[in-house]
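Contents: one structure, followed by commentary.
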Amino acid sequence: MPPQERGLMVGRFQPFHRGHLEAIARLRASVPEAELLVGIGSAQHSYTLDNPFTAGERMEMLLRATEEAGVTGVRPIPLVDIDRHAEWVAYVESLLPEFGRVYTNNPLTRLLFEAAGYAVEEVPWSRREEYEGRLVRRELAGGDAWKSKVPPAVAAYLGEIRAPERLRLLSTKDAGKVAHPKGGA
Amino acid sequence: MPPQERGLMVGRFQPFHRGHLEAIARLRASVPEAELLVGIGSAQHSYTLDNPFTAGERMEMLLRATEEAGVTGVRPIPLVDIDRHAEWVAYVESLLPEFGRVYTNNPLTRLLFEAAGYAVEEVPWSRREEYEGRLVRRELAGGDAWKSKVPPAVAAYLGEIRAPERLRLLSTKDAGKVAHPKGGA
Amino acid sequence: MPPQERGLMVGRFQPFHRGHLEAIARLRASVPEAELLVGIGSAQHSYTLDNPFTAGERMEMLLRATEEAGVTGVRPIPLVDIDRHAEWVAYVESLLPEFGRVYTNNPLTRLLFEAAGYAVEEVPWSRREEYEGRLVRRELAGGDAWKSKVPPAVAAYLGEIRAPERLRLLSTKDAGKVAHPKGGA
Amino acid sequence: MPPQERGLMVGRFQPFHRGHLEAIARLRASVPEAELLVGIGSAQHSYTLDNPFTAGERMEMLLRATEEAGVTGVRPIPLVDIDRHAEWVAYVESLLPEFGRVYTNNPLTRLLFEAAGYAVEEVPWSRREEYEGRLVRRELAGGDAWKSKVPPAVAAYLGEIRAPERLRLLSTKDAGKVAHPKGGA
Amino acid sequence: MPPQERGLMVGRFQPFHRGHLEAIARLRASVPEAELLVGIGSAQHSYTLDNPFTAGERMEMLLRATEEAGVTGVRPIPLVDIDRHAEWVAYVESLLPEFGRVYTNNPLTRLLFEAAGYAVEEVPWSRREEYEGRLVRRELAGGDAWKSKVPPAVAAYLGEIRAPERLRLLSTKDAGKVAHPKGGA
Amino acid sequence: MPPQERGLMVGRFQPFHRGHLEAIARLRASVPEAELLVGIGSAQHSYTLDNPFTAGERMEMLLRATEEAGVTGVRPIPLVDIDRHAEWVAYVESLLPEFGRVYTNNPLTRLLFEAAGYAVEEVPWSRREEYEGRLVRRELAGGDAWKSKVPPAVAAYLGEIRAPERLRLLSTKDAGKVAHPKGGA
């Protein structure tokens, strides 16, 4: 399809919560693109407190949640970080099919894509303070508060993969990076 | 969806030709999965004689060709190479949603996935000698023989992005790697 | 030797202190393995406040300390970090001879190795608060308190390589990363 | 020219301020080298709060400022970081023409170059507290205080490339890394 | 200086021979730029048969040869390869001060820079067959034929660094890569 | 132990054959070092025709073979390649405990270590043509000729890990790199 038929939104989705789903649903409902590309950022990271889930797990969450909600035309694609911001737009362009519009509330993402000639629009977030990744990750480490912050299909999936236990472990003082566990430091 | 509902096939698709489309169509027609993940390998490479097209361009080809042919349930995902074969299955698992079966005719891919406990099956290729990436790339550098080797939607797209000119340039003696052009050596 | 004959423990050993030596000595005394592999984690780092010593220097400390204490059957191996936790077990498996049991007090290391089917046991630390890498590094930057925290052979070696001076330099406000010295920022 | 004819100084120059210019001018005026190599450290970074400018932009600032001030014999060269401090001197030696003396106030840079046999001398900074990169970057995000901290040619250039707007954007809470914008987290 | 005042030429210069010098001299004599940026490509490679000299050695050759020939306004800058051609122009732009025109005889370099909107012109090579890097490298491994192919200052420098001995060693069957010497294979 | 007490030899050991064992046994018998460090080069590679075995498998071979032959004082250490030859000695020094002498028949390895001030001596190979890695790998893909080229303990181990089947698969036309299997090209 021609580039103007696709939009792009990027996030880390650690985990994929209601805020993500609502924003995506609004974009799909209101804008004319045939397809919304959703870049799953920092795809190489997992099993850390800030990035507990693999890119594959995050894609699974997005797919189950959008299917449950009947939202179609969403294409998730993992994006491994590159360290060089000045090349980031060229990098994204080389990995994705052509897109014509970018949705972001991140000022730098806006700056870089606008400099490259893209139309950039706001992501229609709702209740941003409530649905916040960092908060949901902290809640996953103890208690049930997180369950109302994620779509039901995601809540079920997080149970399947025993996410609360993973976050609890990652929250312990000794967890650190596995490659140099504090337990042996 | 549960892992057993997804299959995985990996290729480079330089370019996406009729052999690829027919194999994917047969897999979709004959096997019970709800979805076929298609890894676009060597996603970081482009503008070389062996890898002329970016991962994004290859995804575009696959999407147009499968849409044209009415083949559904295919999910392409770019896979940047890692140099370490011993970690390759773990790497793929971390980037993709869960899958339960692997389709490959590559003996090593079979070996590595079987060692990791996956069911591995043959890709139902037809006329493998005729539809061969290296051949199609060579034909793209001159003449029209390639046009019958790729689906019509891909032929049109390759024209749009002026692929024949790109291949012609990449075939010249001086092309080499852009980072150290022979023109300046 | 068969895998069940080897155990694995991972640490950074910045520096190798009495706590490390005692844990290794207990493991060698109590468990039935013929050999204990000791991964020297974050092997690529050195000359930073958190990682002052090269992997080679840390291996030298371990070798001298175990020889001095008469602890045998210990095989140190440098492990350069990889950024991708989801591949870490596969990475370690590819670099080391086969092992059958993992010793760690790090919950994440436990999680990842258990998920890969390994038996995981606790490291028998003693006086963990006293023998703590961060503390020893801080003491190395001034005074003699560190000398009682490391085995005599390590204390002598740290003198040979003028470790106190190195730590003092690394502790100054301007030290930073050599590649972009604050002195020139 | 023979190695003893060249000196080396390394900095990040984020941005290139009066302190840098004055130190370079003094070195050129007082020491006997025919040429001063100036390594532009962390060359790969840009569009972050700590490293807002590309290596090319920083080189442009240095060239304009030294030309304006009539300082000659300065050769700027970008230096991409390597992670391994123990190899840093060998890395720098492989990328630069031969040099015989190093100017640095960074204790670690001094340690590593002295260990490799180089003569190391102090950089003649003046009013170090006033001309401090971090401070200038903060001032760039709002107000005009930065204008007196940089050479006039740099002030003009920072205006041309709309540096204040860039710093303002990079200072917002949501900026983060573009590869995983907090706007989508 | 404004971008239109600078040109860019990229080469590997293994070694810097008369063909390079003549082309640079012509560009400096005939075109209106104030400065010619000369990217030293594959800067990370050295001590291989195809890339025997470090980037620093190659810069030294260029500096001595242009000084000897009285060619001014040439600014050499090392360029470490990146593997991703689709990002190459963005990468070069981030490391160099702004330039307005590119000189190359490499069709792919032309393609990529033209796609990014640059004016691209031919490098005025003379006697290309005679002055060819591969040939000069082969001659360096034995005999004196190379001496007439490089500027006198380069010939002297290649003697100083004992380049003929290096090439002779690199030409032996056993040389290979140092990291996995065939002598131990 | 002091550096003069250790020697270093580097190889890839794909696989570890009689030539390797004999050379190591002679070095241990004739030279005064207390220990011989044996770098296992290209440690990151495996499952390719040139590098079929992981570093861990190669270490296992070396350990079994030296134990079987009663050769002591050998310390194998995996060495992942770095691409930059000019930094290679610094890299090896940072990963290994100190050593004072290098054994190699590789002219470039000799050149680099001599330039860094090391004493370099020849490896006492015997019947080099017969015991050649490439030949043994080819023989592993079919027939039993390889069995007399490796120590008995290695022959047994290669059977255990089904090396002949692996080599046979890696020798097929379609094997290539797993990341972009020709089966999907």
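By letter and in written order, the chains are A, B, C, D, E and F; residue numbering begins at 1 in each of them.
By definition in this document, a residue touches a chain if its C-beta (ideal position, glycine included) is under 8 Å from a C-beta of that chain, and two chains touch if they have at least 3 such contacts.
The shown structure was predicted, so the numbers you read here are calculated from the model rather than taken from an experiment.
Under the contact definition stated at the top, the chains bordering both subunit C and subunit F are B, D.
Counted by C-beta pairs in contact, the busier of A-B and D-F is A-B.
Judged by shared residue numbers over all numbers used at their interface, subunit A and subunit E contact each other through mostly the same positions, with over half in common. Between the CA-based centres of subunit A and subunit D the separation comes to 35 Å, rounded to the whole angstrom.
The centroid of the Cα atoms in subunit C and the matching centroid in subunit E are 44 Å apart.
With centres taken as mean Cα positions, subunit E sits 26 Å from subunit D. Shared contact sites, meaning residues of subunit F that touch two or more other chains, fall at 46, 54, 84, 86, 93-94. Pairwise chain contacts in this structure: A-B, A-C, A-D, A-E, B-C, B-E, B-F, C-D, C-F, D-E, D-F, E-F. Contact residues of subunit F toward subunit E in the complex are 9-14, 20, 41-42, 79, 81-86, 88, 104-112, 123, 132-134. The part of subunit F that touches subunit C in the complex is made up of residues 1, 43, 46, 54-57, 59-60, 63-64, 77-78, 80, 93-98. Within the complex formed with subunit C, the subunit B residues making contact are 84, 86-87, 89-91, 93-94. Residue ranges on subunit A touching subunit C, taken from their complex, read 44-48, 54, 166, 169-170, 172, 174-185.
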